[in-house]
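Both complexes shown next keep subunit A, but they swap its partner, so subunit B is in the first and subunit C is in the second.
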Partner chain A sequence: MLIDINEANARAITAIQAAQPIIKGIGTCGEVVPGMKKNLILHAGPPITWEKMSGPMRGAVIGGLMYEGLAGSQEEAEKLAAGGSIEFSPWHEHDGVGPMAGVATASMPVWIVENKSNGRCTFCTLNEGLGKVLRYGAFSKEVIERLIWIEKVLGPVLKEALTHCREINLKNMITQALQMGDEVHNRNKAATSLLIRELAPAVVKTSFKNEEKEKVLSFIHSNDHFFLNLSMPACKAMLQAAEWIDGSTIVTTMSRNGTEFGIRISGLKDRWFTGPALIVKGLLFPGFNDEDCNPDIGDSAITETCGLGGFSMAAAPAIVKFVGGSVGDAMNFTRKMYEITDAESDSFHIPPLDFRGSPLGINLLKVCEKNILPQINTGIAHRLPGVGQVGAGLVNPPAKCFEDALEAYVETWCKDL
Partner chain B sequence: MLIDINEANARAITAIQAAQPIIKGIGTCGEVVPGMKKNLILHAGPPITWEKMSGPMRGAVIGGLMYEGLAGSQEEAEKLAAGGSIEFSPWHEHDGVGPMAGVATASMPVWIVENKSNGRCTFCTLNEGLGKVLRYGAFSKEVIERLIWIEKVLGPVLKEALTHCREINLKNMITQALQMGDEVHNRNKAATSLLIRELAPAVVKTSFKNEEKEKVLSFIHSNDHFFLNLSMPACKAMLQAAEWIDGSTIVTTMSRNGTEFGIRISGLKDRWFTGPALIVKGLLFPGFNDEDCNPDIGDSAITETCGLGGFSMAAAPAIVKFVGGSVGDAMNFTRKMYEITDAESDSFHIPPLDFRGSPLGINLLKVCEKNILPQINTGIAHRLPGVGQVGAGLVNPPAKCFEDALEAYVETWCKDL
Partner chain C sequence: MSDLNNIFKQTIKVINIGIPSFAQDLTQQGIMNVHVDWRPPAGGNRKIQALLEKVNQWQEKVRAARGKK
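Let's turn to the complex of A and B:
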């Protein structure tokens, strides 16, 4: 079979460009996420067993089991997780994404994002805020109590508010945020603000008590990363449209479970190509040093896969105060990413680069040929369970993912040549 | 008397840098603005008579008199305005500022901004939104009805909400907005968003009906320029701290009444130096052409006087889609303004210029010596009363203001040399 790679990749790019992710609503993970069940824990990155999980992912699993009432203590949770009755599966194999550890359990409310161009949905939990939070591996009483509040109040209030809102087009919101200094991975301040503007009047209209409405609006306001859990499923929805196109070498997934980094390629369907997750170089919070840092973790590299995050850092010069580097570095990261991508986004523009479209569609062949790895910016989790975030910085995938994927691609699609 | 100009200017700059403008609250213009009374109309720019007023300012005066119930029709209002019983005075002579026509009457609610470093207050009306609005010279029924709603609902809701809010430091908010692509003159999208984030939970807490709260939040959300009426009194508060310093050549006011452009110099106290207001070059809304444009109008050039607006366009590349020009032009405007200013802001930073402080403290001597005029971006009003905005663009002051001010400065401070 003779494959026209360029034609296949053009189809993938067209599908990404055409995607129109909107907020469809909020549902309960166990009810709306395909294949979800009570004894299943979804997590970030490629597949992994309890034994191989890093500290922060273990911490999040412990917290998830306690939140679900399946375990009463850390010890019980660890025993249960190791015992075989709890199953683990990557979010990416259930049409969703999770930031950092990315742990989701059946009772958690999730955003439902629909790509209006193909009718398919993607999912993500609601962002918990800063400090001690499950996604960074914390599982203290305050973490569990907050998760319960998210389930009982935040989720229901937002669910009803969305019925009073005009349709929220996430692509359009991200386009605006890029003109306001976000790259919607580690800087979501503008997008979170734009979201609050849409939601606030609708929250007022809900049937909840004023105390609850006020707490919901204050909670979102307190967390500039709140929009991350929408930018991620929006990017997933856009890339989902490019999955499983025969012969395409476009990267559709980049994600990490804290132990391994995994990628998937459009023409290689659901196969994962993995390598060891690397240590993130960046700015650490006071009191932490390099030994505290867990390797790269989380599905949030879906933003880079979609040409945002590290790929659009030129739009977000202020991010260097958070992840390190200079404004010049930020400009150069974006410029460099054009070398490994096939297109420029029709929707996302980089104002300081004269509104050039963001670099879109990572081409496996270009990554291998030019030996340029995708540029990712990311949060850093403490390597032990129960601690939380220690900083943020810059990282690349291991080259092995791409080398292995190239080999598999040649075996799959170039056998007859 | 021998004056140390550098020392005088350093004092002015220090006072501007030290200023901490915060939102103190909302009051009624007639009650809180010094010297305000029922038969007085405040307006933008240097002093002007009814006879010499441009169309949009006349339109705003007509609307103001009808809103106050002093006239029942356009004809009655015109007769009243021309008759001598109504007085006119510049906002700048009452510690305030007004965008475009800048017309304020006694019943209008106004923001009260306090500079915490000296305890002095400045004032500005609440922004009316887009389309047909008083500040652009419109005075139709919908304009007057909206002004009444602002007086009866928006003002009171925000006044009470502010009592439930933590203190809003406008300098800090502007600092953040500059990292989010605003220059807080013609781009206030980020700052408006940040303001909504602060206000929304507090609005929920007020004693008003849900319908009113919802309408207030929707009204602010519908208008990306809402923050302009806070950035202006914040800038006025900062510059007020530098007024009337013996021998200083720092420009403390640049403003336009639609007929004349006027400036004031710190060491020359309350003296106005005026020249004809110029035509703004920019992007016009569909259906309008150059002949529709009124000359430059409004107190909003207080933002440029404070190193924002046109002086900080490099922070707001997306503004070129609104006022015209290229991203390169925006960068160059900011770079050029360092040549006529004495300092760089300690608080306001330009991310694309590696966080350089914005150009602060226009020095009359440098403007005249280098023959570089301040760069202003601004809205454009239709030249006829009753129409409204026709576009936005770029403009400079007439050189005559600075030439006359220099002459007066030499006469005042250099007599003995």
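Let's turn to the complex of A and C:
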């Protein structure tokens, strides 16, 4: 085929730049997510079996089964998960994303984000907060009770509140948050504040009891990462617009399941290219050490794939207090990512770099030629199920993902004319 | 040989290509230098270099074929 790679990649970049992700509403996972069913568990990263799942992923599956009432105990859940009647599938293959373990089950409420430029929707669960939470593999009574409260109160209150407020354009909100020191992966303080500013008056107008409204607003207020579960589906919606363009070498997915890191390339459709997930280097909470850390996990690297997160760390110097490194490192991470990307975002600007657009459109060929791997910042889960988060830090994908993708690209496209 | 000896009698200005620590050592000794951040393509990985070359050759053929149309 007479495909010019630069033209194919320009098409992909144009589609990403044109995307306008907005909050469409909140729905029930089993009702709105394509292909979702009662015995299916969605998870982060590339496809994986129960046998190969890491501790935090297994913990989240156990918690998900207990939350759904499909298992009454850890032992029952483990037996059920290993028995074959429960199916597992990556969020990315259902138009969604999940932070850390990313486990979602049929009854969970999900954000529905619509890209107004193409009408397609993406999905993500509602953020539970930090510490002992399902996405880090915790499944204690308090975790399950919080999930039930999210289903019975938080989701319904926000769903009704969204009918009382003006349309929330997530791209605009992320643009503002970058001017306020966020990079919307591990720092969502400003974005969460901007969101609550929009939602609070609408929450007050809902028909729920005052104590429920107060608890909803307090919950969002107490959780600086609440916006993460919106920045992720917003990024997914933007990148989804670049799927699948013949001959394009733009990376549309980077995600991890705690065992493997997987990428997908625009011109190679839905094929996964995987390698072992690496250990995250960073700052650990008191009482934990390197041996407690699980390898890299979560779909949140969708933010880096979209030029945010580790790619925009120069916009968020305060984040080094959470993930480690110096402010100079943060500046250099962003500068380096321009070497492996094809464009600069029209919307996301980085104040300390004289408002330069964030590095956008990871080009497989540039990653391989320059031998520079994408820079990701991320949370760290305990390697055992049931414990939760132990810190945050910095990590790269394994080079194998990109090398295998390049080989497949040559086999697929570089035919004799 | 005499030309080489003359070089060291002048103020030395160095362009360092590749390994940063060479430039850092010169800086510590007060020698003027400019560092160029260069690495061999694909980090020297022959297999990846060969694959990238196939992509380049394919693109040259595409451009040639399009030019003929």
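Please note the rule applied: the second predicted complex is superposed on the first by the 416 of 417 C-alpha atoms of A that agree within 3 Å, B and C clash if a C-alpha of one lies under 4 Å from a C-alpha of the other, contacts with A are read in each partner's own complex, and residues count from 1 in each chain.
In this text, a contact is a pair of C-beta atoms (placed from the backbone, for glycine too) under 8 Å apart; a residue touches a chain by one contact, two chains touch by 3 or more.
The shown structure was predicted, so the numbers you read here are calculated from the model rather than taken from an experiment.
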| item | value |
| --- | --- |
| Partner chain in contact with A:K370 - subunit B first, subunit C second, else both or neither | second |
| Which superposed partner A:T49 touches (first subunit B, second subunit C, both, neither) | neither |
| Which of subunit B and subunit C A:G181 touches, first, second, both or neither | first |
| Which of subunit B and subunit C A:E403 touches, first, second, both or neither | second |
| Winner by number of subunit A residues touched, once subunit B and subunit C are compared | B |
| Touched partner set for A:S73, first subunit B, second subunit C, both or neither | neither |
| Contacts of A:I5 with subunit B and subunit C, given as first, second, both or neither | second |
| Subunit B versus subunit C as contact partner of A:T163, first or second or both or neither | neither |
| First (subunit B), second (subunit C), both or neither touched by A:W413 | second |
| Which superposed partner A:P352 touches (first subunit B, second subunit C, both, neither) | first |
| Residues of subunit A contacting subunit B in one complex and subunit C in the other | none |
| Touch list for subunit A against partner subunit C, complex | 2-5, 365, 368-371, 403, 406-407, 409-410, 413-417 |
| Subunit C - residues contacting subunit A, complex | 39, 41-43, 45, 47-48, 51-52, 54-55, 57-59, 61-63, 65-66 |
| Contact set on subunit B toward subunit A in their complex | 176, 179-182, 189-190, 193-194, 196-198, 200-201, 203-205, 210, 213-215, 217-218, 221, 317-318, 326-328, 351-352, 354-355 |
